[in-house]
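Both of the next two complexes hold chain A, though its partner changes from chain B to chain C.
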Partner chain A sequence: MDTLRQSMSWMHTWTGLLFGWVLYFMFVTGSSGYYDSEIDAWMQPELSSAITIEAPAEALETALERAAEDTPGAINHRVFLPYTRSFSPYIRVFSTGVDGDGKRVFTELALLEDGSAAPEPRDTAGGQRLYRLHWTFHYIPRALGEMLAGLAAVFMFAAIISGIITHKKIFTDFFTLRLAKGQRSWLDSHNIVSVMTLPFQIMITFSGILLVVTTFFIPIFVAQYGYSEDTIKTVEAEMFGGAALVEPVGEPAELVDMNTLLTVFDAELPGERLGFVEVRNPGDVTATVRVYGIVGDGIIRAAPYVAFAGATGEVLSVSPRAVSDTSGVMDVLEGLHEGLFAGPVLRVLYFVSGLMGAGMIATGLVLWTKKRRQKLRGDAVAERNLVLIERLNVGVVAGLVIAIGAYFYANRLLPLGMADRAEWELHTLFLVWLACIIHALVRAPSRAWIEQLAGAAGVFASLPVLNALTTSLHLGNTLPLPGRAGDMAVAGVDLWFLVIAAGFAYAAKVAAQKQAAPKRARRPRAEAPPAPAE
Partner chain B sequence: MSWIAAFALALPGFAGLCLSTSKHQRAVFGSALAAPQTRRYRALGWALLCASIVWCMAMFGWARGAVAVCGVVTIAAVSVIGLVTFRPHWVRYLCWVPRPAGDTPAP
Partner chain C sequence: MAKAMAQRPKGKTKSKAGKTPPWGRLAVATLLGYIASVAASSALTSLLPVSRAESTFMSLLIVGLVYPALFIWVFARRAWWQGLRDLAVLSAGSCMVLSVTRWGLF
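What follows is the complex of A and B.
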């Protein structure tokens, strides 16, 4: 057992460092995804909170008429109705058309219930692109990003399993946090955040691997189907049953009225709410209509639907939420990963667990350097490398928090008419992160920790103030009070900013205390400052 | 309400488990407790924790309940750790078992 534990300890240490920084980035940006809609709302202060649709059937028909005028000859239209935490507060229409060269053209509309154009919000990368960073990494091709994310997740899984085996006293030390004992305190903190959130960490990592697993199938696809631009399309159509498009015959026909279809939808899929409607070959006698439920309404991450013949209203097929046991397992794991089904309380728990995952990696990274510092014994080269890693840790861990704060700053301060504004929000994030890493490289690590932790606290504490100075969607207006509904989505984001600021202010204070009173081993417990908590 | 009840069961549950270890007994009470009282804390701790799990399953269904349990247990356990680290004396108010008759504290 001891040799297994030792070999696992070696594996845990090295896989941890190798992918630690990547995984920290994935955990931080990924956690933000549990509030993607709320961040979208914060970053688009021009938008109202979601409109309520009074008459869905009429709204769908109006939207489809608008889409038909807007993109004549489209292959399909998809109309999304707004609901709580939907990606847009308006009715959204996505149409696929074909241009003169036979290439596909995608257009989209944002509409109000009466079919008029919805207000245009500022150009922003929003919560959507912030959380997408956790597998796209922004500056690299999509396929490469997915591969990197998948590899990192596999290593994370190895680190979790080897970490459990390495942990000597998982039950004896369950409640133990020894303060001001240097490496011991860091190990305790690392163990606590890891063990407390273990079910979440195992779930999120394993389901994360599954979410990008098809990326690793590409060599298999190529071996089976040959290499061409259409390979992936062919495979996807076969794997996921992307229904073969029926060619329109050019004979015009009206769609049956939506009310009839929605009534059948309710009868065929009881308990499912209306999410979106897809019309293929609109205006043609071959038109089909699929009425979908809402993905996030069940723990199984799937959109159930009823498919109709558009001209007659005949039911072609019904696809419930759970199609088969195998796809059910996959869909549940993906559903658990994204947590779309989570209500407000569970969403807080998801977010906190995600942040504790980031804390697990951050404490692990610090622990890595502490352990090695003990074994240096005057080796100058090893010390130089270690100091480099210590500096990078500061820039990566604390710097990323400042950078994400800067991302929100950019949303408020970049000129509204700026070209590629959304891109520049993301550039701001990465430029500020780079600046933090450079700052960490030129400052002494202990100073850099204090300055960047305090910086992170300052940036997040000032965000609600910046919000109040630049928009009317500040806490004074958004907090729900007796007699006014407020806007809890936007208020929640501001409140989380303050909580995050408080956490980092505390961490900065602890780091400063430690700096002020260094190297006094075995201090009495009462006056000992606690270890910095992420 | 369902959430508050789930926490209200898990929190003293973890406090009971925490108070069944001699290390934390010393931090909370100043000295280790005798074996019978330790056993009572452990039994009560597990019972409350199980009750919290059953409650979540009953309230949210087995699928959502399982997710809820993970979250509730995480927050409750972290809260107990925070208390026993920074305010150890407060933990005794979270969970209480009577001392068995004729029981004397271990030296």
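What follows is the complex of A and C.
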């Protein structure tokens, strides 16, 4: 009879293996999200650090006037003010209009405080689209990407729980690392990175499921609300407090002045900083204004807001950060996942834990092939499949790192005026990854590991050099020194590149030493005693 | 033969687990586990004295735990069809509860 531990080991192996490559991709690209704003700054060297808004009310009114001129007849305008680690150093205005065919048209403005156009940076996918890859996967529809991410997270969660049950000595494993012992070393490495970051892995996986829960578990809404044409509207109204859209009546009206609204916002939501303002039906007597706080200001991942009647300034509703206890718990878990609230030290821990999660998956994938190789027993088909997986492991694990390095290279080397430049940065990532996988398929795995690990080290070590050759925002200028503020966001990215390069250089050195070391002669097995006569 | 059996190392038992890919269990856990986790989470929270919106939030919160838990349940059973039977019963029972509490069928 299978024991529970054996069954869980079986489950741990196969649930981990089935989604191993997808999860590795999700962990690596997702970890980059903890430095998304810093990567944005590195990839847009033309932009300055975030501007400071001296008079927010006047800046908002000026931005709304510009938006009204730019997009007459818009359904809504959203004006985002810059703040530390915001997605843009300037005021950003997003407007939704309707064209002659009734289709929605989206426009975007980047402004300075006086309403003049902000400097135009290079077109780049930046840190935002890099980290969003971990649930969008870029080449598939968004809903499908969320479904895939959700399923992978469920498999990961099941693998984590079964991994814990499988462990007999989880505390001992925390302190056990036997180097140069073949399969045993891989097992110890897998255990140590898993156990060290176990609370993080549980939190990030469960909260990851929650982040896509409304897409992945959409039948829950049908189970609770039944199925009808109005289900979605009812869910939005009851659960998310979405105010019903009011059609404009065509009677023009001015918005009340922003100073009044911001004063009420401060009074209704004390301690909240101003994040952005949304105006629906601008210029009409039915206009509403919502003044929002900043999502990342608290551990609860939600933007509190005060809604006003645009023409009169009457308060329509106040939505605090946590609407209810349950949604508050969900928002806290989602806040923990994204880590927007984290300061510099916690952010480093987030990033390192994320990379250790990727290491956990990578060592698990390698461990599986090592174990299988011992059990081959001359099965030619199994050996062929195993060799294929060994080679794909190299291309997926080491190749993805090279591909992300190439993504940064593309940012500096693609012509600035190139059409669809941001898209081509992402195409570069996937094309280089494909090239790495092909390289791994045609080389012996032991050689391919050395070459690709060394390649990853070389690519990341040369990125600060490339940065220095192509921009003035290099370490010589960005490192803070006495008497010079520098730009730690950009310097930090260059420094991380060097740390990553050092890590992969060490891994390549270890792999090369292992390749060069003479194989230890196996001790011949003791002769089996002759079978006793029946 | 008896002597040969006696010479087997202690602690080693005959086990099917781990030797073959568990396609049957994975299929049951993935597909029926999904249905059962959605139904069970919704049914459980529909019994609580809270608003429908709050109940739905609770379902969304716990379904991420229930689904992986059902994976473990399916793998902990001796045969894959036992997991199939359990999840079918759980799904059917949950739908009966929902038909009373939410769908107004009875």
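By definition in this document, the second predicted complex is superposed on the first by the 494 of 534 C-alpha atoms of A that agree within 3 Å, B and C clash if a C-alpha of one lies under 4 Å from a C-alpha of the other, contacts with A are read in each partner's own complex, and residues count from 1 in each chain.
We take it that a residue touches a chain if its C-beta (ideal position, glycine included) is under 8 Å from a C-beta of that chain, and two chains touch if they have at least 3 such contacts.
Treat the numbers as computed from the prediction; the structure is a model and nothing was measured.
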Requested in this report: May I ask you to decide whether A:M196 touches chain B, chain C, both, or neither, giving the answer as first, second, both or neither?
Outcome: first
Query raised in the report: First (chain B), second (chain C), both or neither: which does A:E390 touch?
Result: neither
Query raised in the report: Which of the two partners, first being chain B and second being chain C, lies in contact with A:L349: first, second, both, or neither?
Result: first
Report task. Could you say whether A:G226 touches chain B, chain C, both of them, or neither, answering first, second, both or neither? Result -> second
Query - Partner, of chain C and chain B, that touches more residues belonging to chain A - result: C
Query raised in the report: Can A:T15 be said to touch chain B (first), chain C (second), both, or neither?
Result: second
Query raised in the report: Looking at the overlay, what does A:E113 touch: chain B (first), chain C (second), both, or neither?
Result: neither
**Report entry** Partner chain in contact with A:D487 - chain B first, chain C second, else both or neither
**Finding:** neither
Query raised in the report: Is A:E146 contacted by the first partner chain B, the second partner chain C, both or neither?
Result: neither
Query raised in the report: So, does A:E338 touch the first partner chain B, the second partner chain C, both, or neither?
Result: neither
Query - Residue numbers on chain A that touch chain C, as the complex places them - result: 1-4, 6-11, 13-15, 18, 151, 154-155, 157-158, 161-162, 165, 206, 209-210, 213-214, 217, 219-221, 223-226, 235, 238-239, 324, 326-327, 329-330, 531-532, 534
Query raised in the report: Considering the complex alone, what residue numbers of chain C touch chain A?
Result: 1, 3-4, 13, 15-18, 21-22, 25-26, 29-30, 37-39, 41-43, 46, 51-61, 63-65, 67-69, 71-72, 75-76, 78, 98, 102-103
Requested in this report: Give every residue of chain A touching chain B within the complex, in rising order.
Outcome: 172, 174-177, 179, 192, 196-197, 199-200, 203, 299, 332, 336, 339, 341-342, 345-346, 349-350, 352-353, 356, 530
Report task. Provide the residue numbers of chain B that touch chain A in the complex, in ascending order. Result -> 3, 14, 17-18, 21, 23-24, 63-64, 67-68, 70-75, 77-78, 80-81, 84-86
